[in-house]
Structures are given as structure tokens and as C-alpha cells.
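Here subunit A shows up in two complexes: once beside subunit B, once beside subunit C.
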Partner chain A sequence: MSDAIAELKGEAGVLELHRKFLETGAVPAFRSINEKAIARFEELGFPHPKHEMFSYVNTHEITSTPFQLGTGTVEPAFVDANTYASCEKSRIVFVDGAYEAGLSNTTGLPQGVKLVPLEEALTQADIKTHLEKTIEEENDFFACLNAAFLKGGLLIDVSAGTIMESPLQVLVTGTASKTPTAHHPRLFVRAGRTAEVKLITKYVGTGGGYLVNSMQDFLLDDGASVVLARVQADHAQSWHAEKSRVYQGRDSRFTALCGSGGNKLARVHNEIRLQGEGAEASLSNASVLIDDDQSHHFIRIHHEAAHTISHQLFKNVINDKGRSSVDGTVIVNEGAQLTASHQLINNLMLSDTAHADTKPNLMIFADDVKCTHGATVGQIDQDQLFYLKTRGLSEELATELLTTSFVESLISQIQFPEVVVDLKNLLLKKLEVKSD
Partner chain B sequence: MTDPVKSPSVEEVLEDKGQYKYGFTTDIESDTLAKGLNEDVIRFISKKKNEPEFMLDFRLKAYRKWLTMEEPKWPNVHYPPIDFQDISYYSAPKPKKVLESIDEVDPELLRTFEKLGIPLDEQKKLANVAVDAVFDSVSVATTHKKKLMEVGIIFCPISEALVEYPELIEEYLGTVVPVGDNYYSALNSAVFTDGSFVYIPPDTISPMELSTYFRINTEETGQFERTLIICAENSYVSYLEGCTAPQFDTNQLHAAVVELVTMENAEIKYSTVQNWYSGDPETGKGGIYNFVTKRGKCLGDNSKISWTQVETGSAITWKYPSCILLGDNTQGEFYSVALTNGLMQADTGTKMIHIGKNTRSSIISKGISADRSSNSYRGQVKIGPNASNARNYTQCDSMLVGDKCSAHTFPYIETANSSVQLEHEASTSKISEDQLFYFESRGISRENAIQAVINGFCKEVFKQLPMEFAVEAQKLLALKLEDSVG
Partner chain C sequence: MSLLEIKDLHAGFEGTEIVKGVSLTINAGEVHAVMGPNGSGKSTLSKVLAGHPSYEVTQGSIIYKGKDLLELDPEQRALAGIFMGFQYPVEIPGVNNAEFLRLAYNAQLVSKGEEELDPLDFDELLDEKMKLVGMDPKYKDRFLNDGFSGGEKKKNEILQMAVLNPSLAVLDETDSGLDIDALKVVSEGVNKWINKDNALILITHYQRLLNYIQPDFVHVFGQGKILKSGDKNLALELEKQGYDWVVTETAN
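Moving on, here comes the complex of A and B:
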């Protein structure tokens, strides 16, 4: 089987793999979704180099690699090592895209939080409709492929009024593979009226060679709140694609604070729809990229109702041959008056071979709004460096202090202390090594 | 405060109910080529203009390239497909004997200029401005030529330059905007009929500001202007361009190409005031399509190119005056005010391509959208790997008037060098009721208050314009607002 696929590259290879997947591995409950999604993928195809959505993301390596579907396993010890202490009794684990109940532990979750396998959840009309509708509107080939190869996944159903005191950790693991494998984890989070959800998603790998193509839907009912911390700590020799779709009801709040270590190609797509009045979304990310690391962010925030608010803050430190891009658009629909939107992108460039691309777009169809965006690209301020040196710090130490503080200010806003420590280890260590 | 009469809202004041002031047609017999485009048409144009051999090759190469290209779909504008075979590619006033003085110019033509407020003969004395008036693709009058020739400046129609200075044209034409650069520039390269050519010799400061008035006349004639300005070492020129057009019912395509080249220590300042017919404010019918490629190349070290534009007309504007900062220590500037009302659509901005070391650029863009119009800023700042110490400052502000219009910002910032300082800021707002209330409490009418706020919003750009143009631009903006009160 593998030989036959290896010969077929590009779109034909994907279609061939999908045909085999439908014959052997598919789950009947998802069949119509799989078929719809692959049809949508055929319409979209792989992006050509001038595709606006991928203008800064070179997908050539991914689209020319013949991926197979990964089916690896991980040791419980590996899972334990990557579990935050406060999440030992509230963790769910995906291995190569499949939910592993055996490795998960959900005994610590409050009563109102139900975990439902997605195939069961499909019997609920609204979930099924939502999934099918989003495929029709999908414009990102990564997300289409996730739905095309969907065979599992999990619905985290948080009932109205439920308050999660401590976070639920979602650990997404890719396994080391000599031949490239792809896996497509899927998460569906539904937060009922005034529910408070706390989530940590962490992406790790036992080795290189995998593509994690993950997809999350968040449905926030009126007054619900979701606090998400995301740690992208994939193996350096892997690829990471991810899309989150967020639908927000009246007075709901969605807060995501993320840290990205980058890898061969990490691309995160966020689509946020503020559909109810007073909804608020906040999205922040810190990336530290060294060697050949890449981290790309694509954001679309739709203000569809009046009095909605969005904040975005992106901080990238780029060294060596690192590449980063932030392509963010805020769309204020007609009638979405009294919208406030703020977007800031800061890039700190540490080498001449580093690359930073920024596209902060605004599309505004209402007149009574306050929308601002800003972007900066710069290097370490020589005055600040001089000041620290006059205080007796060595050049190396002063540089390290200034670079780490650049990202630390964002990371330390995360409300889960263990995640802050973890991200500091992950991101700031990368900077230390370079200044030595 | 007790006045029971409701003061007009911002929307009402800005709403352009007035007729297009310059909406009239001049009745002059034209020597017009039948509609359609093929290699024979290009050969005809080239022959008609007595062009040298290389020019025909240039045109044919562009035409063949154009055939392989597709119309750009990425701009944020919508319009029905253009039938390029339904356009006549050559139209000139009937050849007349060489005119001795301005009195011999067709009085009909002179009246047109008069209505536009630019009587050639008066302007000559009053404004000290040489006007090379391109009337319906062929220049009919050039003044002040002699004075310019005294200091060695060449300022003439490009068709004339092709005959008299072919070596200069051959060396520079198409070096900034290559024939296959984009769909419309390729079309322009193939079929352009006229435009302006300026050469400023070394160590020369132009004694006057050079100005060209373009005017589209014959119905259904595409206007393909070509401008080439070369500024040699240690020289300076300020070039003004202004446009008004008669009212027509069929859409008119304007695909101009402007190329600027600066040598060492040279500076070109290029200013535009554009007020073409923007179509019926209700249906959008009949407006001009303005698809322009403007680009400057700072070839020599320490040179500078500055673009200033005030865009208040055209049904569709698609225009990105750009700077390629090739030499070390070169500077690029872009100042823009774009006003859209009615059903106008504008997608305009700039490109600053930093290639040389210590290059600097600044972008100030102000967009005002009213009624049901759509106004987009699209700008690229690209810092190449060798552009160490490059600096860029970008500010793009949008103002919305009414809840049916839209304003968009699409900046593209690409950096591949670590010693860069780059800042980008954008904001979107409306005229606040607080500001208007403050003015009104001081006894200033709502209408004047709105004008003051808008002029203040655009001040940074207006002050870059040469004196006469600054006045004209403010008048133009005021005119657009004035008409709306009725």
C-alpha cells in the first residue's frame, strides 16, 4: 500500500490516499462529512505560490510530500511527562489524531463537563449541521483535509452554568516516523450559557516526521467564557497545521494566549465570529524561532454584531533563518456599530537571514467604530543595550535580558502558572542557547 | 440651541447631490481608428506617429505579452468585464497646420480649458507654469518650452521625443515598468498614443513646476498615456498632473503608465490631483476606470522620489505609485488623500521596495469614504536582505461618513533584514459629534465645521502639494462637500 501512495504526489496522492481510507479505515458515521470535505478539497486544490492566503507560507514541502495516515502509539510515561501537575485528573490525549481513552484521565472534571465521542455527538442535529455547513464554507485546504480524514474526535460539552475551576489539558501527540505521516485530530467545544471553560492544548511529538493537522470548533453560548492556553512544542522536524473556528454568542468571551516554538512549518488559522452583541475575543501569541523554524499565523476576526470587541497581540523573536508571518484581518460587518478592535504585531529580528512578514488588514463596513492596527519590525534598542552595559551587564547578558523580556511580558499573562513555566522553558531556552 | 430646524447630519452634508461640474463634451472632429485591437492596429499607431523601429518592436513585444496575461482579480473592486475589442485605440484631433500662437488653437478647445479654469494664455503669465495639454491623446499645445530649453530641460509630448530623442527613450522606456509588469501596463505599452517626456540634465534645478492637464474627450476612446521623467545627477523637478473629464454614459478605461528615474542626488516630486467623472452617484453609470501603473526608480545614491496624490474622482481607481529604492541612502515618499463618494471604488496605495543601504521611506495615506463607496488602502513595504538600516514609517487613516460605505486597509510588510526600523499604524474613525458640537458652539456652521475637520484630517498630505495644487485640492474637496448641501 505504501509503495503505491509514495509514487503519487500532490493532489492525486491525497485523493488516492482518501479513496483507500474510505475503503478501509473510514467510520460510517463520518462518511458523508468525509466525502463532502474531499469534494471541497478537490475544488480548492493545493495553493499555488500566489494564493493570497498562503502568500507568506511556502507549502511546497507539505504538498509535495506523500503522507500516509499515522497509527503510532506512545508510552504512558511520555504522556505523564507532558501533563501539567494540576491536570493529572483532567487530561485527554490524542495520539496520531485518535482519541486515546486509555491514556486520558477525566475523573477530576466537574459534573457539567461531558466528553462525547464525535460520532455519537453527530446524532445531535445542531452539531451535524454545524460540521456540514462549515465544510461548505471552508477555504483552507488544511481544514478540508482534516474533515476528509475525520474518523474520531471528541465533543467537550460544558453545560450551562458549569464553572471549571481548574483547566482541562488536551495533549496532542505525534509519533516519530521514518516515512512522513499525517494525522487529523478534531475537537469540538460547546460552552453552554454562562459556562466557564478553561483549556490547555499542548502539541508534542515523540520524534520528527509527522504532520499534525488539527481542527477545533468552539461554540460559545450567551455569556459563556473560554480561556485557552496553547503550547506548540512540536518536534523540530515535524509540520504543524491548526485551525480554530470560534462562534461567539451575546456577551461571551474567548481568550487565547499561545506560545509557539515553530517547527519545519507551523501554521495556525484562527477564524473568530463575534455573532452576539457584547462578545469579546482576545488572541495573543508569542513565537521564538531559531535555526530553520517557521511559525505562521492567519487570523480572520468577523465582527458581526454591534458592541463587539477584539484584541490581538503578536510578538515574534526571529533568529538565524527563522521565518514568521502574521496575516490578520479584522472585518467589521455592516451594522456592527460601536465595534472596537485593536491589533498589534511586534517583530524582533536578531539576524540578517531572518524573515518577518506582516499583513494587518482592516475591512470596515460600519462607520461608528474604533479600529486600530499597528506593526513594528526592529532590533534590540542600542540605547537600552548601552544602559544595561553601563550597569555592568555583559553584552550577551544584556541582549538576552532584552530579548527574553520582549516575549516574557506576553507569556506571563497566561493564567495557568505551569504553562507559564513550561513556555519559559520552551521559548526562552532557545534564546539562551543562541547568546552563549 | 433653541433652533427647531434640525441641523443636517454629516451624511447629508457630504452627500454629493450636485451634477458633475465638468460634465460637458467638446465637439471636435476626431481622426478615430475603428474599434478593436490587433497587431495591425499597433503597426498603424506606430506608423502614424512616425516612430523609430525599436518602438514598434517594444509595442509588439508588449502586445504579445499582454495576450498571454490575465486581468488582475485581486483588487478590492468590482466592475463588469471590459471588452478590449470595443475600444478605439487611436483618436486624434484632425491634423491642422502648425500653429504660430495660442490664438490659432481651435476656439472650441480653448473654451473647454476655460470652463476647466485653466486658460492656457493666462496661465502662462500668471502661474509661471508650462502646460503640455494632452487633449484626447494628442498634445495640441506646449508652452514655456523655450524657457525650459534655455537650461537644457526637455519637456515635450512623448511622441515628439520618440522622433527627436530616440536614444534617451530607448535607454529608459520600460526600465521601471517592464512591458509585462501587469495586465494594464502591458496594454499601455502596446497601444499608448501620447504622454509627456521630461529630461532634466545634470546640475539643473527646474526653473518652474511642470504641469500637464489630461482630458479625455472622444466618446469610447481608451486613454493610454505614457509618461517618462528622467532626472539626471544633482537635479530637481516638480511635476504636476491634474485631470478632469467630460460626462459620458459608457465606461471609459484609462490605463496610464508613469515611469520616473532619478540619478545620483536627484529628486523628483510628482503631484497629482485627479477628479475624473465618477459616474452617476445613484447607479454608478458612466464613470472612468482609472487603472494606472506609476513607479519611480531611485537609481543613483542619495536620490529621492516623492509622490503626492489627491484622488477625488473616477468610478474605479486602481493605482499604486511606487518607489524602488535601489541606490544607497535613497528616499521614497508617498502622500495620498483618496475621497470616494457615490458608488466609487478605490483600491490605492503604494509599494516601497528597499534594496539599497540606509534607504528611507514614509507613507501617509488618508482615505475618506462616503455614501455607498468603497475605499481601500493597499501598500507594500519590502525590505530586501541587503537593505541594512532601512527605515519605514507608515500611517494610514480612514474616515467613514455614513453606514453604507466601507474602508479597508491591506498592508503587506515583508522584512528580510535585521537592522530595519519599521512602524505601521492605521486607524479608522468617523467625524465625531463632539468635534462638530465644539465648532457649532463657537458659531461655525455645521457645513464649515465638517470641512474644517476634513481639511485637518488631510493636512499632512495637502502641505506636500505645490502651492497652486494645494489650493486646487482644497477647493476640490470643498466643492465635493459644497455641492452636497445644495
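Moving on, here comes the complex of A and C:
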């Protein structure tokens, strides 16, 4: 009962904040999107605890916290410290949801990569239509709120045939705040025919107290490729919501390898639509959660055409009172014959109070497909531990080696060496501290 | 003093006694082959020697270098110079093969109160040992046994043995699943390691291996006991006549 009242209060709070936003902070170009999105949010409301999309994610703290819109600043030194060396001339920076051209440096990008402020990009009919249409179909209240408070953002427009040799880094920064603030960064990535796009998104904070509610659209034309590495390194005392929508044309490839450090509540929603024949998507994530860290993944992959392929691999190491969930459904549409789909979720539990929910799920409406899925929840493998001990390694060292190796095998597949090193520092260090 | 002295060993798994009274003495410089049908207790003996936590010793003693071996944890046994070559080496994705070998090698040095070897010096040592066992250097950068073929896994066991240079090695069916070329290479690696100060227990199902590694003693296991011991000619006889005649002979 008390929950219902709190949620009502929370929704009313959001609507009030939105009214103020439209009066003072909104950008006219986004007005119709803002209004459509808040209307959709009003229809959806905050999720009931048994809502399918949030069955493993307790949003109570977020929905009952009165957030203001964040408008902080960061020092250039902070941005530099979080920039990968190979991205010094190809980085774009968001601070509290707003694109900061002054902190960004895009002089190293190839000619075929155009960065267009989203309000300008809205003059292109297909972009505008896409944004409006996705709001009507949106069932995730986080994504609705991103659109409701949308006032900027960036289109990364990669022309046909353009090949990015080195990655573009997107640094999303939240600023420390004593009273809770929310911000809503937005990216739109359009990869032209046979373009090859390399992206690194990194999420950081100058301190706690912020909610980053990020939204990305990826449109891949025929034969295009997007390689994404994602580093979720938010402050432990923050909240992280994120949604990626991926639309894939014929023979396109989308590869995302991600690492999550978790925070008070990190929740990532991936919606991937394999629309053209031969399209392939690969989604992997490694999380290391300690203390009260949480990291949740909600995945829907739609095989809408024949000969499409999807891979998913999730690895979570959970200690203390950490919580993780992976809720992934692969939907193979009628007619999407000869598709292949693999999904594997592995959890390594290091304490009695660690918690993992896994829901690998298949919905198949075609009859000639190859789909596998599985999940494991376990402790350290005793055969592996014994093997290492017979080589003279102590129990402690062998355990540490097995714990780190559990995520390292995934992280090491990332093709950007600096990100591999960064994720090792971020994730594996969390495990070292605990074994001391 | 013998290197290893097993007296009236009874041991088993989950309450089932599998080894039922085995006595065996092994001296430095000796190669012992342990043969016998499946379920005769060969592998249980190797697991007990390595200290596998699932295997329980219910009776008897094992003295290694004058010490009660059963009092030692698996890692202490390893540091004391016992090496176990696994029948089915486990795959450990994420653990770099060379890095793992360096950790194991340095754990030994540290336990002897010596300085650790730095990565560059160890790399040299590793190159030399890999040559010895005929292993492609690319396996240094692979994850431990991850995706290795059966033959490469066994070679990797012998590589570990060559690097760690134990006093007593127990090779549990190292020859199983190897084709003849791989068997020759692996045997050559083992032969180069054997000297007067160390000893080897070869557990095998097939006489074939003993064409390449010459045993000083052959023991035939059956029903958890040593049914018969002899020299390498016993192995030849077994190959010709099978195990049944030993069982029949000892029953009479």
C-alpha cells in the first residue's frame, strides 16, 4: 500500500519536473518528441513490482527519489584522465546529458564521419520519423523519460564505405550532486552501406548522486559493421539506466563487448532487430559486483529475416550482497528460417548473500532454426581449483586466478587494447581487494 | 631411504573402497608401470597420491621422503616435489598458459626460500622446455588447455613436468588418446627428464607406451590390489594374453 502511494508521488513528481522543463529548459525542435514521450510515460507509469520488464530489478528507490535535472560541469583534466590515448583526437563528451563540444575533440575522425547535433538532424525526415515511431512502441519507462527530457544529443553519421581505423570514444559523465539529479544523454549512430564503425562508450562520474539515463539508436545499413566496447565505470553511489536499440540491415554486423562495474542500480536494455538476411549480432558483458553493487541486463533480440545469427554471452562474478540479473529473450519470427542463436549466462557466486537471476528464453515461430541457450550459477570449479593446487599454487592464489580468469576470458576478446587494460583495472581490482 | 613407501593402502570414493590393500616401494632412479583393467584402482591410487579431496584413505600409510604424505595438502605435495599428470587435464579459459607456469615455478622457488625468476628469464627457460617436449611456442599465449587437442593437452602436462622438475611424477594414462607420433614426442620428453634422482609412476592401459618408456618394474592391478609384479616382460605377456590370465593365476 505504502509503495503505491510512493510511486504515485514519484510519477506526479516526474510530471511536475517535466512541466517545468517544457517552460524553461526545453529546445523547440524536440517539443513534439518531448510531449509524445511524456504522454507515453503517463500511459505506462512506473512499473509495478511484477512488471515483466522489471521482475528482477527493484526500481523502488529510483521511482521514489525526487530527481532534479543535472547541470554540472567537469574539468578538462577529468576528461583527459578518462580518455583513451588512441582517442585523444576522436572523443565526444557528454556532461550531465548535454553534448559538450568544448571538451570534445574530433579532429582525428575520418572525413566520412559526421557529427550532427540531433536538433539539426531532426530536419531529416527519416530521423524524425524514427524517433517518433519508437516512442509510440516504447514500453520501457526509462527510454520514455529519456525522450521526454530530450534537449540535445548527437547523430554520428558514418557515410557509406567509410572505414574507421581507430575508435571514437564517447565519454558520458555525471557530476557529483548532494541532491539527486538525473540526466538523459542521447546518441544516434547511423552506419551507411558497408561502413565500419568503431565506438567506445565509457560512463563515469565525478562523484555520486546522479542517475544517468542514456539512450542509443544504431541504424546499420546493408553490409555495415559496428564494433562497440562499453565500459560502465559509474560512481558506486549513482544509478545507471541505458537502452540501445539496434536495427540491422542485410549482412550487417553489430558486436558489443561490455564490462560493468555496477552501482546502486545499473540496468541495461538491449533491443536488437535483425531485419535483413544474413545480419549478425553479438552481445557480451562481464560484470564484477561487490558490496551492494547491482547490474541488470534485459535483452530482446528479434530475428526478423532468414539466415540471421545472434550470440550472447554474459558472465557475472558476484560477491558480498551484489545482485545481477540477465533476462534475455530471442524471438525468431515466422519466416526467419535458417537462423542461429546462442545464448549463455554464467554466474560465479563468491558469497552466500550474492544474488543472481537468469532467464534465458527462446520464442521460435519458424521451423528450421538452430537455437541454444543455457545458464549456470556456481561457485569456483573444484576440479580447476584442484588442478592448480597440484601445481603448487596456494588456495588463495588459485582462487584469485580462477575468479579473474572467469571474466578475463571475455574481456580479452575486446579488440581495443586500452579498453582491455582499463576493464582489467576496473573489474579485476575489485576482486583483488576482496581477497586481501 | 625409499623415495615413496606405500603400505597396505585402502582408499575409495564416496564410501566405496576401490584400493584394497596396496603396498609399493619406489626408489629414486626407478620407473614403475602400473597396468590393469578399468576399475582396478590405478587412477584412484594417483588421485590419492595427488591429494584429491574427494578420495578418502581409510587404512594404511604413504611415506614420501620420510614424511607422512597424507598429512599434506595438494599444494604442499606439489611443492615437496610430487607431480601429477592428469588423465583429463581441465581447461581453464582466462588463465594464460605461460603466466600460469611462471606462477607455479615461482611458487616452488619461494617455498625453497629462493628469489622468484623474472618474466624474461622465465620465458627463456620456458622456450627451452617447450623445445624439449616438441611444443609450438604459440601455446604460451593460449589459455590453459583451453581448446587444446587431446594430444596438446598431454604435451602441456609433460611441459609442466619438465618446468617444475619434480622428484616423483605420476602420469595417469598420459598415453591415452595419443596417436603414435604424439606418443613418441611425449615419451621423448619424459625420457629426457628421467635421471637417477627422480622416479616415475606410469599408469597405463596399453603396453604400447612401454615400447617408448622403459619401465624397471611392472605392476598389474586387479580388484584394488597388486596381483602381480615383474619386469618389462610382464607387460609384453599382458599384451599377448590380456589381463584375465593374471586374475586366474592369482586366484589359484
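Going forward, the second predicted complex is superposed on the first by the 427 of 436 C-alpha atoms of A that agree within 3 Å, B and C clash if a C-alpha of one lies under 4 Å from a C-alpha of the other, contacts with A are read in each partner's own complex, and residues count from 1 in each chain.
Keep this in mind: a contact is a pair of C-beta atoms (placed from the backbone, for glycine too) under 8 Å apart; a residue touches a chain by one contact, two chains touch by 3 or more.
Values in this document were obtained by computation on a predicted structure and should not be read as measured data.
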- Item | Overlay on subunit A: subunit C relative to subunit B, clash or fit | fit
- Is A:Lys89 touching the first partner subunit B, the second partner subunit C, both, or neither of them? neither
- Looking at the overlay, what does A:Phe406 touch: subunit B (first), subunit C (second), both, or neither? second
- Message: A:Gln337 in the overlay: touching subunit B, subunit C, both, or neither? Say first, second, both or neither.
- Response: first
- Query: Between subunit B and subunit C, which makes contact with more of the residues in subunit A?
  - Reply: B
- Message: Could you work out the angle between subunit B and subunit C as seen from subunit A, using CA centres and rounding to the nearest 10 degrees?
- Response: 70
- Message: By the touch definition at the top of the document, which applies to A:Phe386: first (subunit B), second (subunit C), both, or neither?
- Response: second
- Query: Looking at the overlay, does A:Arg31 come into contact with subunit B only (first), subunit C only (second), both, or neither?
  - Reply: neither
- Query: Who does A:Met349 touch here: subunit B (first), subunit C (second), both, or neither?
  - Reply: first
- Task: Could you look at A:Asp367 and tell me whether it touches subunit B, subunit C, both or neither (first, second, both, neither)?
- Result: first
- Message: Quick check on the superposed pair: does A:Leu397 touch subunit B, subunit C, both, or neither? Answer first, second, both or neither.
- Response: second
- Query: Rounded to the nearest angstrom, what is the minimum C-alpha distance from subunit B to subunit C in the superposition?
  - Reply: 15
- Query: Which subunit A residues contact subunit B in one complex and subunit C in the other?
  - Reply: none
- Message: Residue numbers of subunit A touching subunit B in their complex, please.
- Response: 52, 55-56, 334-335, 337, 347, 349-379
- Query: Contact residues on subunit B for subunit A in the complex?
  - Reply: 74, 383, 385, 388, 398, 400-430
- What residues of subunit A sit close enough to touch subunit C in their complex? 381-384, 386-395, 397-398, 401-402, 404-409, 412
- In the complex, subunit C residues that touch subunit A: 50-53, 73-75, 77-79, 83-84, 86, 89-90, 92-95, 100, 103-104, 107-108, 111, 143, 146, 160, 164
